[in-house]
C-alpha cells in the first residue's frame, strides 16, 4: 500500500506539503518546515525585489473559525531563492518555489531564478486576495492567467504549477493555465474577507481586507477542486482548510493528487502532518485500495 | 485563540518614556505564565508584542517604553479606552525549585517581564541587576509591586553613574561571583544579551530575545532565530545561550 | 436609546429578521417565524409555479462548521403569497416576499402577486448558488441584475430589495441594482461549496453542490457589505453567519442597517433572536450612541 | 451535529417487505431517547427518517418497510457497507412513572419505535395492540427482543383475519376498556391516527406522526404540522391529539 504520489513530475513520498506563506522565506524556515514531515516544501511567495509587507496587525484568529491574514507578500526578494533551494537539498526534500509578480516579466524573473537554482518546480501565485496588483486580479482573468503561465513555462525547464483562487471563472482560468503549459494546479488561495472589532468599531487588520483560510473555506475549496477536476482531469494540489486526514481525503476524492496545509500548521505542526499521513494510510486500507493515487477523483464515480 | 478586547484601567508615566499600563480583559484570558506575551492592538495604528509585567486577578499589567509610532500612540490612550489582546503567546519561563539561586540581568525596559517572573517563581534567592543609561529611566520597582518586594534584592546600575553602581550591566556582572547562581537570566538589548552569553558559558544561562514579532502564531516566520529552526513566538522568548549564540552574534553585527 | 431602523421604507422595531429559506413557505411557517421575535418575516423564495426541490439529502452540518444546503428552491408557487401575507398581518409584522425566477417575466409575475397581496416589500433572490437558472448566474452579471430589478421596480409599488451573492463583480451588480431602482440590498446568499463523505467516497448532497451558510461565511459577508457600502452608501441588509450580537454588530459597522439570520435559527431560535437584540442594545450603550442607526457604517470612519 | 458514518452489521428480512437493520456508528452518537429518529443516508439514493427500534450498547437497530426507492435500496445493502446517520433528531417520548398503564396502538411498520420505547420506559403495565393487513407482515417481536418480552402483553390484529383478532386496530380499540389506561400512544398510518384521536378524547392520548422530513433541523419546514407552529423534526414526532387534530383531519382528506 503506497502513499507516494506523482504531481507535476515530482515524486512525493506522501501527498502532504505545506501551503505557501507558512514560513518559507528564509533558510531557517525551510529547515523548520522539513522538520514538520512534509513531503515537499513550498516557499513563501517570492517577488523580484524584497517586499516589506503590511504593518501589524497582519493576522487574526476569528471567533467564527479560521484565520484572516494580510501579510502583504512580505519576502526577501529573489536573491534568497538559491539559499532556500540549497537548504531543502540538505534535507533531500523537493522544494517548490512560489513566485509572485505584477506582470509576466516579474513572474519570469523569479521563475528563472528558481530554475537556475535547481528548484524542483515553481508555483505561480495568481491568487493572493489582498496584495494589490499581485493577486486575484490576475487569477480571475483567464487571459492574463494564460499569458503569465505561458511566459513562464516557455522560459523555464522545471515544472510550472499555477495557483488559483476562488473567483467566478476559476474553471476557465484553470483550463487556460493548463493550455499555457501548467503541469499542475494548486487550488485554492485564501478568500477575501474582513474582521471588524466591535468594541472599537474599527477594522482589525492594517490592510482592512485580508484572506480567510482554515476550516471555513474547506467546503468551498473542495468544490473548486471538484469542478476543475471534472472539467480538466488536471493534476491538482488541493489547498484550503485541511487539518486532518478526513479533510485531506475529501480533497483527494474531489480530484487532488496532493494537498497543502497552511493554517493548521499553527498548532502542533508535526502531529498535524503525521496524523494526516497516518490517517490517509488507514483510510486507503479501509477503502481496500492499493495506493492513494487510486483514490484521486473517486467522488466523480457516482 | 480569537482577540480579547480589554479596557484600559490606568496608564501611568513611570519614568522617561516609560509607562505602566493596566488593562481589564472583557473575556477570560487563558492562564498566563511569566514571559508569556501579548500582541497588544493599538487600534488602527499598530500591534506590538508586550510581556506580561504583572497580573492581579483579572487585571493585566504591562511596562513599556516608547520606541516608535505604536508605543507612542499607546502611551496617549486614556482609561476607558479599548484595545485588544492576542495571546498569551510564547512558551513562558518560570522557576519552581526552592534550591535555585537566580541572577537576573535586566537592561532598560528589559525589566518589564521581571515582576511577574518573580511573583510566580519559587527559588532560594534571586538577585536582580537592573541597568539603565541614566537615572531618568528608573522607577521604584519595589513600591510598584509591594507583594514581591521581599522576594529579591535589587542592584541598580547606571551607565552615566547617576545612580547606584556605575557602568553597564556587563560591568556589574564582571564583579559578581556567578558561581553562586544556578540560573542566570538576562533580558534587554541584543548587544547586552550577546555579551552575557559570551561571558558566562553553561547550560543554565538564559536570555529573553526581542526579535520582530508580526503574527505571534508561528506562521509568518518573522521571529525566526538565525541558524536555528526555532521561532521566538512559539519556543521563546526565553532561550538558553546555547540555542541562540549564533543568532545573537549575527544580530548585533547587523 | 432606540433599536428601530428604517430599511427600504419599512420601519422595523429592531434590525433582526430571518433570512429567506428558513421556513417561510406556508402559513404555519410565518406564525412560527413570528414567534421567534424577528422584526420582519422574509418568505422562502417563491417562484411562479410550485417547485419540488431536490430529493434528500438536501442539507448537512459540516465538520468544518456551518451548513451546506441544496434545497433547490422548493416552494408552493406564487398562489401561496396571499396566505403568507395575511398571516403576517395577523401578527402585525412586516413581511418581505422573496421572489425567484429564471427571467424578468417570472420575477415580475411573483412580485406583482406580492404587491397586490399587500406585502411590505419584495426581495429579489438573484443569488442562489445551486438552483440552476434561478440564481447566481443572474446576480454575477451586472447587466442582468439591472434588467431584472428594473423590470420589477417599474412594475410594483412596494419597495424592491435585491439580494446578491458572492461573486467577482458584486460591487458592480450592487451599483446596477440601485440604478435600476432597488431601495435596498441584501448581502449575501450562501457560497457554492460541497461535502464529500470520505467513508463512501461519494458527494453527500443529492445535488452534489450546495450553498455554504453559517459562521464560516461571516467574514466574507462582512467584507462584501463593507465594500458595497463604501462604494454606494446603499441601505443594506447584512446576511451570512450571524449568530450573536457581535456578528450582527460587525455587519452594522460594515454598513448594514438591518440583518438577517438563517442558519443560527436552527437551534433555540427564540433565544438567538432575543440575545442578538439584547446584545445590540447593550453594545449601543457601550458605544455611547443614541440609536443603532448611528452605528451603521461606523467602521468606515478610520 | 455532523454526519455519523455507520457500518451495517446485519440486515435481515423479517416479513413481507419488512427489514431489520443493525448498524454500528463509527463515532460516538449522542444519547438517544425512544422516538428519536435518524435521517439515514443511503449513499447517492436517498436520506430517510427512521425511528430507533432498539439500541444495544453501540449498536443501533432500525425496523423498516420498503416503500419506495430509498427503502428499497437500503434493503439491498450488505453487512460491511457504510451508510451515514444524521441525528438523533426529534424530541423523544418516554414514560417514567411506575403508576402508568399504557396502551400502545401500532399500525403496520408503526411498530418500529415500540421496542425501544418499551425498553426505556417505566410503567405499571403496557398493552400493545399491533395491527397489520395480513399475517405476512408480522414478525415475532418477543423473540427479536427477548430483553423486553416480559415487559408487555401483545395483542395482534389482522385486517384479513389471518391471525389474531380480526379487524383493524380501531376495531380492537373499540373492544378495549380505554379507561383502564392513563396513557394511550398510537403509531401508524395517518388515517389510523386520525381515527384514534377522534375516538379517544383527552390530554393523555399521543400519536407519533409521519410527515415529510427533508432536513431534520427545523429549517426547511417540510415537516410542519398544519394549523400549528410546531415542526415534527423539532417538537415531534410524538404529539398529543390536541396539538394535531386539525393536521390529522386535513392530511387524511387530502
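Assorted remarks:
In this document, chain identifiers A, B, C and D correspond to the written order of the chains, with residue numbering beginning at 1 in each.
By our rule, contacts are C-beta pairs under 8 Å (C-beta built on N, C-alpha and C of every residue); 3 or more make two chains touch, one makes a residue touch a chain.
No experiment lies behind these values; they were computed from the predicted model shown.
Centre-to-centre spacing of chain A and chain C amounts to 33 Å, using the average Cα coordinate of each chain. Rounded to whole angstrom units, the spacing between the C-alpha centres of chain A and chain D is 50.
Centre-to-centre, using mean CA coordinates, chain B is 66 Å away from chain D.
Taking the mean of the C-alpha atoms as each chain's centre, chain C and chain D sit 37 Å apart. With touch defined as above, residues shared between interfaces to two or more other chains in chain B number as follows: 44. The multi-chain contact residues of chain A, meaning those touching 2 or more other chains, are 62-63, 199, 202-203, 302. Contact topology of the protein chains: linear, an open path with no closing contact. Across the whole structure, chains are in contact as follows: A-B, A-C, C-D. Those residues of chain C that touch chain D in the shared complex are 21-26, 28-29, 31-32, 35, 44, 53, 55-63, 67, 69, 71, 74, 197, 199-200, 202-204, 206, 262-263, 265-266, 269.
Against chain A, in their complex, chain C makes its touches with residues 62-66, 68, 140, 167-169, 191-196, 198-199, 201-203, 208-209, 212, 215-220, 222-223, 226, 241, 246-247, 249-250, 253-254, 283, 286-287, 295, 298-299, 301-302.
Per the touch definition, chain B reaches chain A in the complex via residues 1-3, 5, 26, 39, 41, 43-44, 46-48, 82-84, 86, 214-222, 224-231.
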